[in-house]
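After this come two complexes, each holding chain A, first together with chain B and then together with chain C.
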Partner chain A sequence: MLFDQTHRKWLTATVIILIVATAVYIPYALSSPQGPRGGSATGLAFGIAAFALMIFAGLLGARKKVPVWRVGRAQTWMRGHLWLGLISLPLVLFHAGFHKRGTLTFVLMILTFLVVASGIFGAILQAYIPRRMTIEVPMETIYEQIDHVRSQLREEADQLATAACGTIEGVRAPAATEIAASGQTASAVEIGVEVSEESRAQLREFYVCRMRPFLNTPAERRSSPLADAPRAAGLFEELRLLLPPELHETLKDFESICEEERQLVRQAHLHRILHAWLLVHVPLSYGLLVLVAVHAVMALRF
Partner chain B sequence: MIPSAISLTIDGQKVSVAPGTTIFDAARLNGIRIPTLCHQQNEVPVGVCRVCVVDVGGRVLTASCVRPAEEGMNVATASAKVTRARRTLVELLMSDHPSPCARQQHSGDCELETLARTEGIESPRFARRDSSRGRDDSSVAIAVDHDACILCDRCIRGCDEIRHNDVLGRMGKGYRSGIAFDNNQPMGDSSCVSCGECMISCPTGALTNKFHVGTALSVGDPALPEFLKGLPVFSGVSGTFLELNSGSVVMRHFRPGEIICREGDYGSTAFYLLKGSAQVSINTQIGHVKTEGGARGFFSKLSSRLAHSAEDRREEEADRRTIPIDAPADLPLAKPVAELGPGELFGEMTCMSFYPRSATVQALTECTALEMLRNVLDILQRNKNFRGEIEQNYRRRALDSHLRSVPVFAQLTPTFIDLLRDKVELIRYSPGQVICRQGEMADSFYLVRIGFVKVSQSHPGGEIILAYLGRGGYFGEVGLLGGGTRTATCAALDHVEVVRIAADDFRLMMEQFPEIHRSLETVALGRQQENRDRLALVESTPLQDFLAQGLMEAQSLLILDLERCTRCDACVRACADAHDGVTRLIREGLRFDKYLVATSCRQCRDPLCMVGCPVGSIRRRNSLEVIIEDWCIGCGQCANNCPYGNINMHPFTVNVADPESPGRTRAVVKQKATSCDLCTDHAEPSCVYACPHDAAHRVDPRKFFGRLLAQSKSD
Partner chain C sequence: MPRRPRTAKKLAQRIELSYFERPHPLRRWRFILSVAVPAVALLWLAVVRVSGSRTPYSMGPVSASHAFFGQKCSACHVADTVSFRYSVSDQACLACHDGPIHQAAQIFTPSCSSCHTEHLGRARLINVSDVSCTQCHANLSTANGAPHFVRTVLSFATHPEFAPLRGNSKDPGTIKFNHQVHLQANLIGPDGRRVQLACNDCHHPGAGRGLWPYGVPGIEAVTFSGGTEYAGASNVSHRSSAAEKRLELAYMAPPTYSNTCFSCHALEFDSRFSQSVPHGTPAKVDAFLRNEYQQYLASHPSALRETFSPPRLPEKPIAPTPRVVTSEEWVAEQTAAAENLLWRKTCAECHTLTVSAQNSLPAIAPSRITLRWLPNSNFSHDSHRMVTCESCHSGISSSELTSDVNLPSVRTCQQCHAQRASAAPAGCYECHTYHDWSHEKIYPGKFSLPDFLKDSRNFAPTSGNVPATAAVLR
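Entry: the complex of A and B
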C-alpha cells in the first residue's frame, strides 16, 4: 500500500472532519461549567461518532471475507478503515474531554491509542516492506510455497553434489533419469574428465560441512557464512581458486542455490514483519470494540 | 557345346557340379563348409567380406561365393595360407566390433563372434577405432548399431532384392562407409516399412529387434502370428516381427453393451475391428462453463454452470456441426453418436501420440477386435495392404463428413466429393517433418486428418508460431489463393496424417463453388491480416523477454504492483470465490520492473494448451483469446499442457442415465476445462475488485508495457 495522490481526497476529508470537530469542541469545552464531559450532549455525540467509525473500521475484516460481494471496492473499504479509523482517536479524546474518569475509561483510552498506533505502524510497514521485498527478493515465491521450494533446492543441490563428488554419506544418489530430467549440465564425472580425488574431497567437505547444513537447518541459515552474501561470495571465490576448472560449473550452480536460499530466508523474514503486526492490532481492535460497547451500556444505563 | 557338368577338386575331393555353380555352392553341395559372412543363400552373392576366400592356385586368393567353378579347378578351402588370411580378416573385423554385440547378448548367435570363436580369436591384436559410428534408435521396431555393422551388404540386398522396398543403401567412403536409409535419414523417418527383412539378414547385432518394455499387453488373448498373417491387412508384415512382438497385439472379445474404451482415459493402444459393430459417442454434457451472477446491488454471488451455445452464443464460437474424434467418423454436434464396423481402426492418436481417448466406444453386437501397441501400428501404417484398406475406408466413409465438418466446405455437393474421392491423397508425416515450407510454390491444399500441425513464419527476429491445427483444421489456401508461394511453414508436431488436395482440384473446387471461394478468401485475408498485425507488434516492441513469454499477445494481463501488494492473496481468494472454489489465477509469474504478471491465461504466442486436444475443443479466437468449445470432454490434456497452470478443470454435477436402473438417472461429476474469463458478467474482474491496496490491475499489455518502454528509453 502506498500513500500517494489517490489518498488525497481521504486526507482532505479527514482534515475537514478534524477541523469541524475541533471547531465544535473548543467552544463547547470553554463554555462547559464543569468542563467537557462524555455524558453531555456534545460529548455523547462525539462518542457515538467515534464508536460508529470504530465499527466501520472493524467491518473491514468482514468485508474481506466476502471478496466478490458487490458492496464497494475493497480498496475503498481499506482507505475508509485507515482514515476514518485515524479520525476516531481525536473524536474519542473530544468525547472524553481529555480526562480519564475511571478504570474502564482509562483502559479504553490506552486501548484506543494502542490500536491507532499499531494501525499507523502497520500502515507504515505496508508502505515500506513491499518495496524492500521487491528490491531484495527478486526470486520471490508464494510464501506458503517456501518450504516446498526449499526442499527442491536441497534436492537439486544433492544431485549436483553427488554427480560431482560421487557418493556422499547421508545423501541419496539420484538415478540417471532424474539427472537427465532435471536438465542439469553434465558433471565432470559424467563427461569423463578426470578430476582428482583430492578436489572432489574438498568439494564434498564444503558441501557436507557448510552448504548442506545451511540448506537444511534453520539455525545454520542464520549463523552460516553462506547466510551473508559478501562472505558467501568470498568463500566461493576461494573455492574457485582451490578447485579445478572442471568443477567451476558445479560451484556456480551451488552459488545460485545459496543465493536463492538467502532470498527465501529474507522473504520469510520480511513476510513475517509485514504480517506479524496484525497479531497485535486485530485482537486489540476486537477488545476495544467489546469494551466500548460495555462502556456505552454502563455509561448510559447506570 | 555347354558341358552338362563340371568336375573339380575341393580339398582333395573330386566333385561334379552344374555349369555356373560357384565354388561356394559346389563345396556346400558336397558337404564341405566354407565360412562366410556376407553371403546368404537367398541373395545374390557380392563377395565383399572375403571370409569365404579359397586358394585355386592363382596369384591371389579368390572369393568362393562369387567365383564360378571351372573344369579341373583344384580348390583348397582350409590350407595354411587360406586359414591365415581368413583369421586375419576376422581379427580385423573383430577389432571394430562391440563384442558382445546386441545379437550376441540376446540370442548368442552373432555370426562374426561365432566365427571368431571358431578361429580361436579371443582378443584382436589390432587397435579399436576411437570414434563411434553411432546408433539410430528412431525406428519403433528396429535398433541400428552402426558400430556392429560389418558392411556385408546383406541388409541392402534383403531390402532391395527380396522385399523390393529399396530403402537401404551405402553411404560414405573408406573408413566412413556405412549403411543408410533413403538419403541418409534416420530409419524411423525414412520410407522403411519395418518389414524386418534387413534385421533377419543381418549377421551381427547391427540391426536388431527392439524389445520394448511392457510390450506384452496384459489383456485379451495373444494373437498368433499364423492367424495374423492370414489377415489381408497383415500380409506383407514380417512373420519374424510378429513372432518377436507376439504380446503387442491381442485379440479382444466384447459382449454387446461392453465398453471398449472411455472418453478422456489415457491409453497407448489402437483397436482394429474384425467383427461386429460398435457405437462411438461422447457422453460428456455438451456445454461450456458460464460464470454468472448479479451484477447490480448488494450481496451478488457469482456461480458457474454449464451452458449450451444455443442459449449462450459467444463471440467467434466455432460454427461447427461435427466433433472431430480419433476414429474414421466425426460425430454430429447435435447428437454425438456414430457407428463403427469391421475393418475400421480407432484410437490411432492415442496409440501413436498418447493423447487421451477422444470418445467412448461401446460394443453394439458381439465384437472382436485386435488391440495393438504402437510398434505394431507403426508397422501396419507402413504396410501397403493395411494403408490401402484404411484409405479406402476413409474415402468411402469419412472423406465426405470430414470435408463437410469444415464450415467453409459445407456446401460441397456429393458429385464434387465423389470427384475428389479418388483424387485426394492421404499422406503421413512423422513428428518434426516439414509438410510445406515458407517461400515454396504452393501446389496443394491440406486438411488435417489426425495429429497436430504447427504453422509458423520465419522472420529476421526468429520464428513466430501462428497456430496449431488439429483434425478439421486446414492450411495451404493462402498460398494457393494469393499468388502461389507459401506464406508459412507447416510441420508435423506429432504423428500427422493429412488429406492432400492437389492445386488443380482445388482450383476446380473454387471455380465450381464461388461461395466457398469467397469464404476461403475471407479466411485467408483474415489470417494474413492477423499475421501482419503480429509481425508489426514484434517489430515495434523489442521487449524480448515479454515477446518470448507471449505477453504482448495477451488482450488483458493481470499485473500486480509489487510495491503496493502486501501479499495478502485477496485476489486469489476472490477468484476462487467467484468460480465455485476453483481459482483461475496464481500470484506467481514473470516480473518486469516493479510489476508481477500473475499467472492467468496469457493467450500465449505458442499455445501449447491446444496441442493434443482429442476433440479439438480448445482454440483461439481471432482476438487471440482462448475459447473452450461446448464439446470439451474434460480429459485435462490442455490443463496438463499449459506450462503456467492457467487452465483448470471445473467439476460439475450432471444427471446421466443410470445403466443399472433403466429409466432413472444418477448424479455424476463431470469436468470441463476453464480459464480466466475476466469475470465478464461484472464491471470489474473479481481479483481487481477485491484488492485492498490498489495493487492488482488488468491492463492492455501493448499500451502498458509500451508506455513503460517509452519511459525507459527516454530515461
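Entry: the complex of A and C
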C-alpha cells in the first residue's frame, strides 16, 4: 500500500479525531476528583469508541474473505483499518487515563501496543517491500507458484545439460518431442557441431556439482556461489574461457536459469518479510478483541 | 538471440491451476495462531476462574485497610436490583464506616467512592484529590445563601490568606505580653543572672519535650491535644495512642504562669514574706493573704503596736511607728495594702483587672488565649520541627502588642507547599478534613468474625445497623 494523496482525507480525519479527543480528555482529566478512570462517563465513552474502532479494524478480515460484499472498496476498508485502528490507541490510553491498573487491563494495554506497533511495522513494509520487489525481482511470479516454476527450471536445465553433455547420471534425458515442445533451439550436439569430450566433461561437472544442487537443494540456494550474482557471473566467465564457443549458448541459458532461480529466492525472502508480521498482528488482534469483550462485560458488571 | 524465449505459451505453462487448493504455509500458520491466541486467552481466564481468583478483573489491589477481605468482592460490590451490575454503593461503605456530612448547608454530597478510590494498591484512601474539594469550592454555593467561607479556592496556590490575617483582625487575648521585650538579649532572669529567651522556653508542644526552664521547678509538661475546638484529623473514636501522641506534639500548649513566667516574675507582696501569692483568682489570693498575715501576727504580736505603713520596695524600709489596733483590724489593713499593690501593679503587669466597688475584689478579664488559630484545618508543629520558629513567625521579634496576630501568612506556607516536583505536598487534605468527625456516630458493627473468616466470596452481614449519619447522607 502506497501512502499517497489518497490517504490525505484519512490522515486529516484521524488528526481531527485526535485533537477532539484530546480536547475532551484534558479538562476531563483535570476535573476528575480521583483522576481519569475508565468507569467514568467520559472514560467509558473513550472505551466504547476505541472498542468500536477495533471491531471495525477487525472486520477488514471479513471484508477480504467475502470480496463480493457491496460494502465499499477493499482499498477504502484498508485505509480505514489503518487510520482508525491507529487512532484506537490514544483512545484506549484516554480510556485508561494512562494508568496500568489490573492484570487484565494491563494485558489489554500490552496487546493494544503490540497490535498497533505490528500494524505500523506492517504498513511500512507494505509501502516499501513491493517497490523493492518490482526493482529486484522483474521475473516475479505468483508466490504459491514458486515451487512449480522452480521444478520447471530444473527440468529445463536438465534438458539443456543432457543435450549439451549427453546422458548424465541421475538426470532423465528428455525425449525429442519434449525438446520441441519446450520451444528451445537444438543443442550444439544435435546441430552437428563437434565438441571435445573434455569440454563436455567440464560442463557436465559444473552442472552436476554446482548448478543442479543450486536448483535442487534449499540449503545450496543460500550457500552456493551461484546464489550470489557477481560470483555466479565470474564462474560463468571462467567457463566461457575454458569451453569452446559452441557451448557458450548453453552457458548463457544456464546463466539465465540461475538468474531466475536467484530472483525466485529473493522473491520468497521478500514475500516472507512482507507477510510474516501478520503472524503477530492478526492473532494478537483476535486475542485482543476477545479479551476486550470480556473486559467490557466484567467492567460494566463491577 | 536468446535461446530461452519467454513466450506467452511458455509462461502459461508455468501456472499450476490448482495452486490455490494447496495450503499456503503462512496462511496456515496465521489461521492456527489466530485460533490459538484467543483460545489461550480464554483458557487463562477459565483457569483463573476455576481457581477462584478474580485478580485479572480487579483494577488493582485494594488498600491495606481492606486487604483482609480483598477477595470478598461482594463486601463492597452489591448487586443492583434492576441490572446485572454489582456497583459499589455508599451503603456498602456505611456498613462499616460512618461518613459525617461536611457542612449542614452543603448542596451536594459526593458518593464515597468518588473521593475514596479503591483498587489503587497501598495508596491511602484518605489521600483525596484536590478536585474532590474544588468541584464545590471552585465556586462555592450553599443551601442558605452566601457562603461563610471564601467562594473560590482552586488550589493551594490560590488559597486565600488565613482568616485571622485578613482585614484588621487582632489577637483577642487580654494577657499583656511584649514579644519584642522578652526576646531581647541580656534580660534579667532567675536569681539575677542574664538570660536570652528562646521561643521554646515558653512555647512547647503538649508533651514529650521535658520540663519548662522558667516554670515552677519540677512541674510536668501539660498535655494538650489541640483544644476543644479540635475537629479531627482522623477518626477520633479510633485514634491510636500513636495518633494521640502525634496530636500532642502537633500543637503548642498555651503558655501559663506556672510554666513560663514563674522564675522571673515572682508574685511578691510584702518584704516580710519570702513566698509569693499563688497565681489564682482574686478570692484565692485574698484568702491566702489573710491566712499569711494571721499567722504572722501570731508569731509577731508586737506588730499590733507598730504604726502601719504600706509595703514599699525592700531596699527602702520605713521605720515602724508604735500604735494600738485589734488583730482583725491589723490583718484587714495589711491585706488591703498588699492587695492594693497586687491589683494595681503586680497582677496588672499582665492582667486587665476591673474593680467594680470599694473594698470588693477585682474582676480579671479572661485571658482568651487562642488555642487554635485555624480551627478548620490541621497543622503539626512537630512535622515542621526542622525549621526555626522565626522562619515562619517572621515578625515575632518586633511584635510589641498582645493584639498582634503572629500567625504566619499563607504565603509563607506556599513557599514550601506547592504543586511542583521538588515541593512539599500542597493537597487540600494536607490541612483539611472533609468529614466533620465531631458529628460521628458510634454504632455497633453488623458483621461477625465468621463473616470475615469463612472461605467464601459471598459476603453478607449477620445483622444490619446503619448509622444515623447515613440517613442524613441519603
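Assume the second predicted complex is superposed on the first by the 302 of 302 C-alpha atoms of A that agree within 3 Å, B and C clash if a C-alpha of one lies under 4 Å from a C-alpha of the other, contacts with A are read in each partner's own complex, and residues count from 1 in each chain.
The rule we apply is simple: a residue touches a chain if its C-beta (ideal position, glycine included) is under 8 Å from a C-beta of that chain, and two chains touch if they have at least 3 such contacts.
Note that the coordinates shown come from a computational prediction; the quantities given were computed from them, not determined experimentally.
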Clash-or-fit label for the pair chain B, chain C on chain A: fit
Partner chain(s) touched by A:Gln202 [first = chain B, second = chain C, both, neither]: neither
Chain B versus chain C as contact partner of A:Thr105, first or second or both or neither: second
Partner chain(s) touched by A:Thr134 [first = chain B, second = chain C, both, neither]: first
Touching partner for A:Ile142 - first (chain B), second (chain C), both, neither: both
Greater chain A contact set [chain C / chain B]: C
For chain A as apex, the angle formed with chain B and chain C - C-alpha centres, to the nearest 10 degrees: 160
Partner chain in contact with A:Ala74 - chain B first, chain C second, else both or neither: first
Partner chain(s) touched by A:Ser256 [first = chain B, second = chain C, both, neither]: second
Chain B versus chain C as contact partner of A:Thr6, first or second or both or neither: first
Which superposed partner A:Ala276 touches (first chain B, second chain C, both, neither): second
Gap in Å between nearest CA atoms once chain C and chain B share a frame through chain A: 6
Residues on chain A lying within both footprints (that of chain B and that of chain C): 141-143, 275
Footprint of chain C on chain A - complex, ascending: 30-35, 37, 101-105, 107, 141-145, 148-149, 152, 156, 182-185, 249-250, 252-253, 256-257, 272, 275-276, 278-279, 282-284, 286-287, 289-291, 294-295, 298-302
Chain A contact footprint on chain B (complex, rising order): 293-302, 562-567, 570, 573-574, 577-578, 586-588, 591, 594, 682, 684, 686, 689-695
Residues of chain A that touch chain B when the two form their complex: 1-2, 6, 60, 64, 66-71, 73-75, 77-78, 126, 129-131, 133-134, 138, 140-143, 271, 274-275
Partner chain A, residues of chain C touching it in the complex: 2-5, 7, 9-10, 13-16, 19-20, 22, 24, 26, 29-30, 33-38, 40-42, 45, 55-60, 73, 77, 84-87, 110, 114-115, 117, 119, 128-129, 131-132, 135
